[in-house]
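Here it is, the structure in full.
Letters A, B, C and D mark the chains in the order given here, with residues in each chain numbered from 1 onward.
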Amino acid sequence: MPDSLLALNALDAHYGDFQALYGVDMSIERGEVVSIIGANGAGKTTLMRSISGLTWNDPAQVVFDGQPIGSLRADLIAGLGIALVPEGRQLFPSLSVEENLVLGGKTGRSGPWSLDKVYDMFPILGERRSQASTSLSGGQQQMVAIGRALMANPDLILFDEISLGLAPVVIGTIYDVLPGIIGEGMTALLVEQDISRALAVSSRVYCLQEGRVSLEERTDQVSREDITEAYFGATAA
Amino acid sequence: MSAPAVTRATRASRIAMLVAALVLAMLALAPWWAGRADMRLMGEIYLYLSLACLWNLMAGYAGLVSVGQQAYVGFGGYMLFALTVFGGLHPIAAIAAAGGLAAAVSVPVATLIFRLKGAYFAIGTWVAAEVFRLSFAQVSALGGGSGSSLPVGIVRSLSSSRSGREALSYWLALGAAVVVIGTIYLFLRSRRGLALTAIRDSEAAASGLGIDIWRTKLEVYVVTSALTAVVGGLIFLQKLRISPDAAFSVNDWTAFVIFIVVIGGIGTLEGPIIGTLVFFAIRETLADFGTIYLMILGAVAIVVMLKAPKGIWGLIRDRYDLELFPLSYRVHYEGKGRKGS
Amino acid sequence: MIEWVNALVQGVLLGGLYALFAAGLSLIFGVMRLVNIAHGDLIVLAAYIGLSTTMVLGVHPFVALLIVMPVMAAIGYALQRGLLNQALGDDILPPLLVTFGLSVIIQNALLEGYSADPQKLNGGVIETASISLGGLAVGILPLLTFAIAVAVIAVLQWVFYSTGLGRGFRAVSDNQEIAQLMGLNKAHVFGLAMALALAVTAIAGILLGVRTSFDPAIGGGRLIFGFEAVIIGGLGNLWGTLAGGVILGVAQTLGAKIDPGWQLLAGHVAFLVVLAVRPNGLFPRVEH
Amino acid sequence: MSALLSVSDLSKSFGAVVVADQTSFVVEQGAAIGILGPNGAGKTSLFNLITGALRPDAGRIEFGGADITGVSAAERCRLGICRSFQIPQPFGGMTVFENALVGATQGAGLSGGSAEIHAIEVLEATGLLPKANIRAGALTLLERKRLEMARALSARPKLLLLDEIAGGLTDAECGELIETINRVHAQGTTIIWIEHVVHALLAVVQKLIVIDFGKKIAEGEPREIMGSAEVKEIYLGMDPDA
């Protein structure tokens, strides 16, 4: 695809001495929102680690904006414009809310996002800017994690299980702001176990099963049966 | 199908045991074929080998990375002097008693330093050793800070002739190495050894399978300390002179021992044996270059740790799947059990 | 009575020096969970570099700091990037063994270069000058050492909590992987932390060398004092480290007051008592 | 039937994260119970509390009528509580057989030949006998999961805790696993099983407990629980009408 921002080419990835991904091919076009679903252990988090550089691969297995980055260090990949909202939020407990956000902007990339803009979107964070990030509720911590990724003004933002461990009403709040974020011209890749949420915000979906792509479809054309089959395996339904 | 059988010995291990027995017999006869200087060197090798095997049991199996085992080397040495000079014991009895006393002393020490984790545990053991050193330096009857020599009468009690003493001292060192390696081997082959190996691989899973980790580690610490003190007693029986700085030297009794174990291969019985041979090969080759050999030794240990953390024996074992000490269990059933032997 | 007060004051001031031994140790443990066995030998190395600097340039040891600090910082950065980063990981043995090896190498290199003879840095009049405080004669040098220790810890505290560099240190300390996703190069951040730690070590080494004589073998003892100060004060708390140094110093001078041979022993006993009663130290950092 | 395990008002939190919130339930002798809940709901933490790897902030755990809240993990294993780890923790430097032998000698307290025979039986039952001489560190993930169960069984537990062992299995393998667990259960071992592979779970358990945010939100007969809209929404994250 000529305009693909991110391409995975037969990506194999190992976690320890165990192979987590087998020949995964993916292509994400500029401006798309794509979701990735799959059961526990299907390889979703390993996929995120491979893209963001926390797991190393062959250079050409991950291509970002035409550049092979499969074996690039994570901090250099961050500088190229990929940001991750990690599973479980993973804020820096020794840093205040504002310090977490400022650190997110460490790459120094220019773009629409700034501290003020993050505080506009999540006013509660502005009120609590000097508090320890651990003193916030789970939902507020997720806002910091999202804000921290946005501060990098990335071209591609990865969301890893942002609804995990959050109450349904909080998940609603988080998802309400996603269109605004993506509206700023960002490309997004969303790993989610809340399938209906994932399908609602994305235009395409990949399903992973045991480290392989078991489904690739436009969200408006996918049926619940397709998903169940791709998710659990052929006879599980 | 025929009932599976479980064996432990392999062909390699049987050959190794046979070779070991032959070598041991030959070494035992050294007073009749080796020169005085060679015997001294070999005696020193046996004692370093013992220290290395003991440190390996503690660090490589129980995960207790201590840099303070000089505490027990020095303790054993001083007990030899104290018990022979003031207690009137025969030197060999004094050395055996030193082991028992070291075991008793090591329990309260362990309850304190086991509170420290990881690298801080390591330095905590060093502090304990310093306390030992400073305490013995306070005892003026043992020469205080400048140390003392073993009285001639006590030395004579071993044997009236010099060559007799040298032969005895040699056999004691050889015996210590055999006892230490034998004890560790039998321990590792036993149920407790299995538990200890399990702790080495995963503490969480080991405690979930009914293994009391703290207690197992304490047992290892106590046994190791007692045997280290025995070796310490033998070291100073060879030297005939003791001082706090020599007895509690971190470099002599711990740093080099750690280097030996890491170079040879930590967490294996074979590793310390190979490491000891390499250590003495380097030392004897570079003996003319003063302290340079120590710097080279440190550098070799660093390189091995970073490039081949399993040591020389680890490289050999991975390549040839060898095991000289039959510790593993092998299950044989329907003739397929030879896999991996 | 006045003798005991004097011993107490001397102990507090001595604690400043121990806090300087400890500060670098505490810093690198805080940032990268590395316990550096060669730390004491690096202090001694700094003293020897100071010795050479004063001899070659003919300057006062304090002026020599202008050279020793950057040199030690550079050594720290190079050591970390070239060697120590490779040893870091979940297993505690590699860093321990590598720094142990480093310790043996530094000691013997100093022995080759400078011999085993004790050396001393000549501080001039400052070594003997004292001021009278309420009947006590307090040495200028110990007083200065303590003031420098307070200043160094204040600066480290400021760097850690109020600068971008410190933010990077804390972030890497909290979570290395996520910190890299923020664009922080872990290897570089660790290098900077070691550089900063060894710059502090330079100060400690010069003050040590002006205060007492030194030889290549004394590094181990300095490591232990620093380590004890860190544990007494509580891990991860810089001001606690100063308090730990003071407690250690006071224990030593009071011990020496009773019997000169008990100086070091009393310090170790104080450490063991704290370990028995408060295994996390007196002022542990509150974990969130 | 009498209660083998009884958990009352168990609470545990790490800072702001609550992993157990006044959880109470009873497991009868000989029962097989399934635990469901989304990732991060506190299922594995519950196992850690029951096995003694974690100490509760409040609450009480009784096993066989005796209070074991303050008893160590090792002692609980010897009393008969044994678990498999969700993330396998094999003794990587030991062979598969030796892994099982650890449980047989330390947990079940067997010695010598009887320990070896028991270990071999367990490996046979879990299909690992052909791998007996392989170093556990060299096993594949699926084999490691099987080893987790084998090792737990080797300690001869009265109460077996299984943590996500069916994920990633093929249908045939999953069938074998169900058969093995049912056989263990039939021999009198009480089972608590955390599992996302619902159909496997349903083939074994007679009761389901659903937890979310460390709180027990449902408990009852499996079909009934699976049919409830609340569980569908919380567990699968799918609107019932999607």
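Please note the rule applied: contacts are C-beta pairs under 8 Å (C-beta built on N, C-alpha and C of every residue); 3 or more make two chains touch, one makes a residue touch a chain.
Since the structure is predicted, the reported quantities are computational estimates derived from the model, not experimental observations.
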Next item on the list: Can you give the shortest number of steps from subunit A to subunit B, where adjacent chains in the path must touch?
Entry: 2
Margin query: Considering only chains that satisfy the touch condition with subunit A, which of them also satisfy it with subunit D?
Written below: none
Next item on the list: Name the chain whose C-alpha centroid is farthest from the C-alpha centroid of subunit B.
Entry: A
Margin query: As a quick test, compute the distance in whole Å between the mean CA positions of subunit B and subunit C.
Written below: 33
Check: Where the CA atoms of subunit B average out and where those of subunit D average out, how many Å apart are those spots?
Finding: 42
Item checked: Interchain centroid distance [CA atoms averaged], subunit A/subunit C, Å -> 43
Notebook entry, point to check: Where the centres are mean C-alpha positions, what is the separation of subunit C from subunit D, in Å?
Noted result: 49
Notebook entry, point to check: Using the touch rule from the top of the page, what residues of subunit D touch 2 or more other chains?
Noted result: 15
Checklist line | Two or more partner chains touched - positions in subunit C | finding: 288
Item checked: In subunit B, residues with contacts to at least two other chains -> none
Check: Taking chains as nodes and touches as edges, what kind of graph is this: line, ring, star, complete or other?
Finding: ring
Next item on the list: So, with touch as defined above, which chain pairs make the list?
Entry: A-C, A-D, B-C, B-D
Note to self: Going by the contact rule set out above, which residues of subunit B touch subunit D in the complex?
What the structure shows: 4, 6, 191, 194-195, 197-198, 200-202, 204-213, 267, 328-331, 333, 336-337, 339-341
Next item on the list: Spell out the part of subunit A that touches subunit C in their complex, as residue ranges.
Entry: 52-54, 73-75, 78-79, 83-84, 86, 90, 92-95, 99, 102-104, 106-107, 132, 134-135, 148, 152
Notebook entry, point to check: Can you name the residues of subunit A that touch subunit D in the complex?
Noted result: 17-18, 39-41, 88, 134-138, 161, 163-165, 167-168, 193-197, 210, 224, 232-236
Notebook entry, point to check: subunit B touches which residues of subunit C in the complex?
Noted result: 34-35, 37, 83, 86-87, 91-98, 100-105, 107-109, 111-112, 220-221, 223-224, 227-228, 231, 261-262, 264-265, 268-269, 271-272, 275-276, 279
Next item on the list: Going by the contact rule at the top, pick out the subunit B residues touching subunit C in the complex.
Entry: 59, 65, 67, 112-113, 115-116, 118-120, 122-124, 126-127, 130-131, 134-135, 137-138, 250-251, 255, 258-259, 262, 266, 290-292, 294-295, 297-299, 301-302, 305-306, 309
